[in-house]
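In the two complexes that follow, chain A is the common piece, with chain B as its partner first and chain C second.
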Partner chain A sequence: MRKQEQKWLLLIFIALLMGNVDILAQGRILGYIYNSKTQEPVNEAIVKLNPGNKRFYSTNQGFFYFDKLKAGNYQLLITHVGYPDTTIKVELDKNEIKEFNIQVVSEYEHLEAVEIQSRFIKRPPYLQAKVSREVIEKRSVSDVGTQLRSTANISGIRKGGTSIDPVVRGFKFSQLNVQANTGQKIEGGCPNRMDPATSHIEIEDIESIEVYKGPYTFRYGPALGAVINLNTTQPVVYDTFGVRLRALKGFIGNWNGEKDYLAVNGGNRYWYFNFSGSNKDFGNYEAGNGKTVRSEYKKYHYRGQVGFTPSQNHSFIFSYNHSGGNDIAFPALPMDERSDQTNLISFDYKARNITKVIGGFSMKLYHSGVNHEMDNKSRPFSDTVVAVSEIEAMNRGLRSEIQLELRSSQLIIGVDYENISKDGERVKNMIRQPGLPVKREDLWNNAFITNLGLFGEFETKVGRYNLVLSTRADINQAQSDDMRITAPGMGEIYHYASDSIETMHTNFSLSAGLTRQFSDHISGSVSIGRGIRSPDMVERFIMLLPIGYDDFDYLGDPQLKPEENHQMDLTFNYRQKKWGQVKVNTFYSVVRNFITGKRLPPAQQMPLSKDVIGVKRFYNADWANMTGFELSYGSPLIYNTGIRFQSSYTYGFIKEAPVYITNDAGEVVDEEIIENDALPEIPPFEGRLTFHGNYIGNKLKPELTLRAVSAQNHVSESYNEPATPGFFTADFRLTYLHRTMLTVNGGIRNIFDKTYYEHLNRNIIGTSRPFYEPGRSFYINLVIDIK
Partner chain B sequence: MKFRIVVLFSVAIILFAACSKSHKAKIVESGNIVLNFNHKIVNKPIWYDTLIYVNEAGNPYLINEIQYFISEVALFDQNGDSVAINQWKDIHYVDTDIKTTWRWEVFDKIPARTYNMIKFTFGLNEEKNQSYRFVNPPENNMFWPEYLGGGYHYLKLNGKWLPEGEEREMPFDFHLGIGQIYEDDTTYSDTTYDIPAIKEFVHNYFTVELDQKQFTINRNESTKVEIVMNVERWFTGPNVFNFDVWKGYIMQNQQAMEIARENGHNVFTIGEIE
Partner chain C sequence: MMKYISCLIVISVLFTSCEKEEIKQITYRVNEAYTPVEINYLDKDGEISTVVFAFESIEDEWTYNFEAKPGDIFYASAMYSDSLSSVSIAVLIDDKVFREKYSEKEPRRYTTVSGTIP
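After this line comes the complex of A and B, so read on.
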């Protein structure tokens, strides 16, 4: 164990000794806190109990809890920024359990998570996963993709130490609609997806992550497989001038990684601000087998937000976020990221309670710009060809919606628009050739896509039924300059006929979801949806780059048709305060015009990249199918000790896929079409069991998570996907709330130092060696929160 | 009750979806051809790296290795109708050091009938001979320097010869590719970067027609056709190639490459047919 790790563990031990234990009394006071207007749970409210000076920070469900109380008169004080203090007097008999549902009223809206929430349906008819900052801090992960991997049926594709690309129920890449703060889209610069949209938002700035599974909610843009909405912290409105400071210092052993974060927000009821910045410096980690895995990276960011509220129901917020990365290793890709410079700018206007019918109006304008530079200088073949790629990617757009209150119904209608543009080239220095010839190849040539959408979402409640209808129409246009690659002094290597590059699609998506409340404890939901997305920039315009799962150069096809997902979800929910909550979901999806790659004969197109096998071109396969389930159980929160369990599985196959027969030399000698071939990169069955506790007056919260993942043997023959073995891991986490201002999080990941890799981890480039996950790692975070 | 039905229905759907993988049967209306490449000197397998051969000009020589491209292969039947081999690949690389390249299992389905000629391009034509076409070894090691015209070698025939009156053999790189016509109308027998301006490039690829034997492609069967490179013929007929005259390096000597090109038409023959 390194000296630094020992130092941090000693710190935890001392912190533990500073707690006190009360085991004599048996009475309990517990309850939930809700926003009286939105009926959303209020998390992170400070609930103080006197006498005794006990404190509890309400959970993500708004839950609070005090136990081991003697009989007597108590006073509960609930405080939260943006809400006036609420006091409740409690008379507690011996061994009595008192439960409260507390509604807190906000005179001035708390502007965190800028979103107009539904006031009807706390639980939509489709699956929604929400991860709060509290959970993120507890796990101390370094990027959004890693955090999402711990959510049921969400996996991630690992290509380096960071920037894990999320996969939700087998849907990935552009099948997922990823955005920040409800509407801000980000176009990653790298064709190899070194920088998926999730990697451009620093996780320390995240207030919550929402995942809406399935093609059911269209308020966020075209949705095929799922919507991932990353809500960052927002400026807070204070009644009188106030300032809040939040600082984090974290260390992760094994990686020898450190991270620092500082956020300051403040202001009064008219103007307010929020500034934050972070720095991360991570090294290579060791896998369970003791071998070093190249995973180093350096990242930083700074962000500034200013807000203005001229009158009670109107607010304006301007945000600027800059993030950068240097020397980010991607051993599973042909290049490493040398530099990333990302600017996210947005302007939000929000109005509430405009008239009796118009409950809210919001508008967002945004600009997301990514400058991405990558090269192969750390690769062995750079002694032959040094290749440097630089790409400029931009996504600019707007989103606006209006919320109409219609008696027992609610209608949200809106418009969104985005303009994606991409330009970049790869420069190759042929250093083994006389005269050092330089070759320039376009990766994109001023390609752009625009998407204009109109959406509407209607919710109503009739008796025990909740109905949600959602729809949108999109007009999607795409264009690029000439798609051509030429060699110096020679002819064309690739040329796509310029008269068919421009395309336009008109897409209609719609969904319906119904929830039936069978009793106070049992509900069931059914959702049916048809979500359509147009092909993305890569699928349309990429020119001979190895971007896919396999070792092929890929070619885009501007004439691709949009992909359509027809899906149904059934959800059963049982919730009882004494027994906990059980949720079972199954889904069935048919994706028509499924976009995937098909091999081209070398006679038609030779590859351009070293060490690839050949060339594949994107095409629309007839259809693919994905089906699966999710099962979860959570014990009631009224007990000090509890468990959570979740398991999930997805089975995916494609109707027809070409398979090529090769001889000993690896040459293709024949072709077959196989039916029902497995889709590649589908995560295997997994189960996760967490034991959690809440001790020493809610100050000490340990968690032990056991994760079992089965082997994945249902693998794609057409992609030559290898099967992967199953594995079992265990993680331990401990949160200690020393004082209201200081929290210590620590833990051990992969306690048994297992050597394992996820099915979705890419192989080390040019080899069949798997990309192992980290071995045993210790971590600790100190969080200081001064209000 | 209705809810139960919906649940049962969904379970049924899932079970139905998890059906097994099946392979479609192929309908084959034709046969296959396999081209086997062999290399001989005076009708006998080559003894590599051994100085036992003497060419028409009287130069004792040995062969180290042979590498070359053939492309645009086509089969001709008795009516003169042709079948081009280009469905999967239209260029084949042969390397005497890499056994797997000696055999080309052609992807294309060949109509079942009798053929009496194989025709191919030795090397790569202007359209195909593009620099950086091949990014992986061994093919990319055939690159032809940019300043000499770029693209790829058509042929690397490497060995040694014993110059007249000398006791020690000298290496030769009997290479074919894009030739150059220089401003001063001279030729260069050594590779040098200090060269005068080139006024013209010459594409030295040529067509080979093999009609010594006819063969039949049978339905659903694979026919193996041996293509033999008779190495000694590079140095004779119609022109006698004398290493003492042209020396070991001919990449910058268009006259020498022209001799090789003219001789090359007669180098290949059809061998055994199975």
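After this line comes the complex of A and C, so read on.
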């Protein structure tokens, strides 16, 4: 047995000795806390239960929970800055489960009474997915992209063992607005998206992930396909000085991977802090066929936050986060990531209950800096040329909003600004040539984009109708120094003069959504939206790099027009306490000025990279269409055993696309235009069924997930995309809450050791070999939470 | 008390995960020549250095040592002018030959060993 595994078993053994199993008391008290005016969940409220002196900090969904309770009379005390203390008496019978929806009233409003009722809670009319830390910990995933792949109609593009790039309903890359803590944007350094924005936030620090599907909410910035908001843990306000420690140690068998995480937070009513750090070291994994897949990586991060609340309704938080990665293998790309150094800094000010009308004000200033270094040293071609690229990417900006409470309505207005800059070059060391000549090529040449936006979101409730209107206006400017590439002996092989590089777009986005509550159990929603996003750095300024799905060098076009998504969603929701919840959604989207690539004739532009068949330049195609559905069912949580089911499908095509005909040597010999070609990288139909349970006084929680994915035969001819076969996998998870401060969870992924790959996994570079997913993997985590 | 024991266990386990960066001893070695040889090599500062070493017998040897990290580039090349001469050039990592090339009767051609340190 390896030393590492021995250490693990010893750790678990010691931990298990520290407690005993109480299987007699199975009563539970749980519920949600909402602001009675806004219907927003109240998070980080302290919920105390007496007798027993138990304490729970409500989650981002306002959720709280106490278990293994004996029959008797209890008292719940809810305290939170900005709200008066609330006491609720609870009479609990043996093994009874009591659930509450608690409405609390802001301190500066007239306090009538605390309402406890199962009244209609406002829901946005468009689909949103929220994933909490509890769920993330249970699955023991190593990055945000992997976690998102378990959400309905969200897939991911895999190019390496980590940093999976999310795809929501077929929308990807800059069609998704990804940010941290409502407003902090991050610009990845790699033109090949080794480091999408989601990869710069450590999964262990995440409190919740919110996904808003469609071009409907514009509070978060321009939204075309979806908004992904990654909420990290925040310092907690304690009524008296307290410290809380949270630690995690995890091990994953197949990858020989190990991860550690430690977080300490504490403080009192006036000042508070939150410090955390993590370390991950993962090796290569074996696919189901026993073949080793290069997937190794090392990552670490540390984070510090300090907060100050000078008076009850005002708070300031300063955050600093540094994350790094080393030797991250990307076998589907021409290079591996050698080093990543990311600094995320933010300053937040929040005020609430300023006047009777001004319910809240918030302001965020941030700086996100990424230093990304990649090379081809682990590739066979490095015997001839060692290429090293280093890129500095920065996103700096601000976001501010004010919430106005207008009787039964709420109006949010605000402003956001971001400045994205990128600079970097590729250094080619010709190590076989005498004198070791070195060639330098610009990847970006002092390129920058600024975006200034004004937004407004109005929500009102009239009888059984809930109406949400959202809008924003953006002024987007972009500039770069000359785009120029020269090569020895060939002179200037590409030049785009800076006098016509500068562009400015003014974009207006708008959406409306209506929810009708037909009865206490049934509701229906319709949303219509037009979301616009300006072209990104790659689409505007990239210079002859093979960054696409196909074997072409890509060229940016500074004069691209913004992409517009016109979309409609219909959602039907049935919720019944005894039977559970069914949700059906269908969407239809037309993307005008769809940004994609078109080949340039060799006479106009020759490629620069090895093993590519030509050059494509980004252009605005007329339109593309995406349509699909999502269906989900969840049994009620009041039962000890339950099921969850979700299925989804997206069908995407483009009106007209060029198809390239190649000869045996791989040279393009002809070109033709075809109609209604499939869009590339659209996930196939999939269904997921999960059986779950809560046993032994809610201490033991097993879960079995079966996942069936169909073949994808609707593939892009224009991108020469291959069809992929369907597959079936099964995962098992088990969580054991030993004591309130100790949780052990573990599981088996891919129980039947299937050899399979997702449709969105890129092929191993230079081959037609698929990038297989891991074979059977065992994992175990130990979580210690000391309050 | 148990809280503190758990805390100590967790922290001690966490700190066992740290790794030191590996440093390797690199040696360029040129020999098996008996006429002057022009040697170009990437030195410890990352610069290309040139030296002409006057080999007089097959027993003579030129070496250069430095420390490097995995992933660093190594490069050394040798060229002789005499049409009947020879040269052997090697890169040793921690005193073990990692890459080696030999040239005989190939005047005014560079014999190069290069790559990245594994």
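Observations on the structure shown:
By our rule, the second predicted complex is superposed on the first by the 662 of 787 C-alpha atoms of A that agree within 3 Å, B and C clash if a C-alpha of one lies under 4 Å from a C-alpha of the other, contacts with A are read in each partner's own complex, and residues count from 1 in each chain.
One rule holds in what follows: contacts are C-beta pairs under 8 Å (C-beta built on N, C-alpha and C of every residue); 3 or more make two chains touch, one makes a residue touch a chain.
These numbers come from a predicted model, not from an experiment.
Counted by residues of chain A touched, the larger count belongs to B, out of chain B and chain C. In the superposed model, A:Leu631 makes contact with neither chain B nor chain C. In the superposition on chain A, A:Asn429 contacts chain C only, with no contact to chain B. By the touch criterion defined above, A:Ile354 reaches neither chain B nor chain C. Of the two partner chains, chain C is the only one touched by A:Glu258; chain B is not.
After overlaying the two complexes on the shared chain, residue contacts for A:Lys377 are found with chain C alone; chain B is out of touch. Of the two partner chains, neither chain B nor chain C is touched by A:Val135.
Touched by chain B in one complex and by chain C in the other are residues 434-435 of chain A.
Across the complex, chain C meets chain A through its residues 2-3, 5-7, 9-11, 13-14, 16-19, 40, 42, 48, 71, 73, 75, 77, 79, 110, 112, 114-116. By the touch rule above, chain A contacts chain C in their complex via residues 7, 11, 14-15, 18, 245, 247, 249, 258, 260, 262, 279, 281, 327, 338, 375, 377, 382-383, 386, 429, 431-432, 434-436, 741-742, 784, 786. Looking at the complex, you find that chain A touches chain B at residues 433-435, 437, 439, 487-491, 493, 516, 518, 524, 526, 568, 570, 572, 586, 588, 601-603, 606-612, 625, 627, 629, 651, 653, 663-665, 667-678, 717. Interface residues of chain B facing chain A in the complex, by the touch rule stated above, are 3, 6-7, 10-11, 13-14, 17-24, 26, 86-91, 100-101, 103-107, 126-127, 129-136, 143, 145-147, 150-151, 193.
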